[in-house]
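Each of the next two complexes has subunit A plus one more chain, namely subunit B in the first and subunit C in the second.
After this line comes the complex of A and B, so read on.
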């Protein structure tokens, strides 16, 4: 089966997801990577047509990622409408 | 280009001297104002003062990504009031009486902090210096307010300025006493633990002495940074530049380049070569195609395009 062709936005989300998981692995706390995964899973239900919202979340997650990549950071929390 | 630093050091005063205040790009807003005043003086005797609508419609961009699926335009009607002439006052009236959830940034309410930059009637402006009365009339009784174009939105009219500020940080916006070479030598002469003392370099020691007196500047040199230091970094110019819209990640944008020029042309700064080397890049500087939107919308009537062209000529001179 041919792999599904992803849109540019989807690829951006996936790349942030990948980098974030990698950053979470560096941390001592194993619950961070679990949290990252569940957060992305939870928001995967957002329909692709709501690109404004996806772009906003992408922007937010990039900020979070920068935080996570700093060596001083020990834990990260996500704030969203459903939390 | 920019290879022999000694030769460059000799030419620096000559280069700075060539950057005299040249022919200024004319700001169009002044001429328009002049025309308006002339028209007013012609017609005011017959028609009386300009007719104002009783109600003004405010079309405000609303988007809270945590709640709304899509951005939308919310319109509010307010009575036109001479007592609150600026748009910021009206935004406060809306926030106080009609829509508590409206989000916008503001701080000084007098056009000096640059927080309330937004896109009003299709032009970037500061809400606190935007006179509503000048832009509405009986036939056009509305004002549309949007966030700065092509910036990631945080909520409603508040945009994420992080990238802009990081770009500003990248040009090192402070006086550099010693350049990179000097600090390299400094490590050798006053070695940190682990570095070896190098006697051969101690003849450079005179460059490392801090100023005993104040770092003085002549009046002529001070005049060079007039029209540059006033920039308040409101990002009106950068976000009105189409070139910045398309190449935001690499092109520095008019506001940051204006600031870069402010440090390049400052006679007290010693890192000219370093700064020009950083700016001499296909994307960082040369994405400016003299579109001149930056001059048109600058709330402080500065001309970033002039500064950019001066940087370009400085780089070609060295």
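After this line comes the complex of A and C, so read on.
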């Protein structure tokens, strides 16, 4: 079967996902990567027609990534599903 | 040891002098400066891994991922069609493969890996895989 092509926006989202998971792995706290996974999973049902919303969230993610990468951030408290 | 510039000019002048004609691109022979002064052959910095070993390790990595349908897992299975993963899951599995072989797969390459076989192909063709 033909491999399916990803759209440009999908690629952007996926590369942010990869960057965030890498950043989360640097930290000791496992709940950071749990939070990243569940946030992306939660918003994965947004239809492509709302691309402006997805772009807005991508912009938001940049700030969150910076916050996550700062050495001051050591752990998060996350109440969510366990995966 | 002569510099790069010395070697090229030397080669050009002899060619022209011998033929006595106009310099054409076909006359410029590629330089072999590894053999010119020393007999040692330049080895690639790593070695390629054995395909069977890679297959086993990739399958182990994918098996560890809990969303994978274990009964359908073979070396040929596609992440999307056979294992029922979506693009987020696939990105994660590819990252696990990266960790296993201590690789850093660039994004464009990582998005092209859509099956277990693709991963195996990529790892076996990468000399940096450990």
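As a working rule, the second predicted complex is superposed on the first by the 74 of 83 C-alpha atoms of A that agree within 3 Å, B and C clash if a C-alpha of one lies under 4 Å from a C-alpha of the other, contacts with A are read in each partner's own complex, and residues count from 1 in each chain.
Just so we're on the same page, contacts are C-beta pairs under 8 Å (C-beta built on N, C-alpha and C of every residue); 3 or more make two chains touch, one makes a residue touch a chain.
The structure displayed is predicted, hence computed values, not measured ones.
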When subunit B and subunit C are modelled together on subunit A, clash or fit: fit
Touching partner for A:56 - first (subunit B), second (subunit C), both, neither: first
Subunit B versus subunit C as contact partner of A:18, first or second or both or neither: second
Superposition-derived comparison: subunit B or subunit C, residues of subunit A touched: C
First, second, both or neither for A:69, with subunit B first and subunit C second: neither
Partner chain(s) touched by A:7 [first = subunit B, second = subunit C, both, neither]: neither
Overlay on shared chain A, then closest C-alpha pair between subunit B and subunit C (Å): 19
On subunit A, the residue positions that both subunit B and subunit C contact, one per complex: none
In the complex with subunit A, residue positions of subunit B that touch it: 63, 65-67, 69-71, 152-153, 160, 162
Residues on subunit A engaged by subunit C in the complex (per definition of touch): 1, 3-4, 6, 10-11, 14-15, 17-18, 21-22, 37, 40-41, 44, 83
Partner subunit A, residues of subunit C touching it in the complex: 66, 78, 80-81, 86-88, 91-92, 95, 107, 110-112, 114-115
Subunit B-facing residues of subunit A, complex: 50, 52-53, 55-57, 59, 63, 80-81
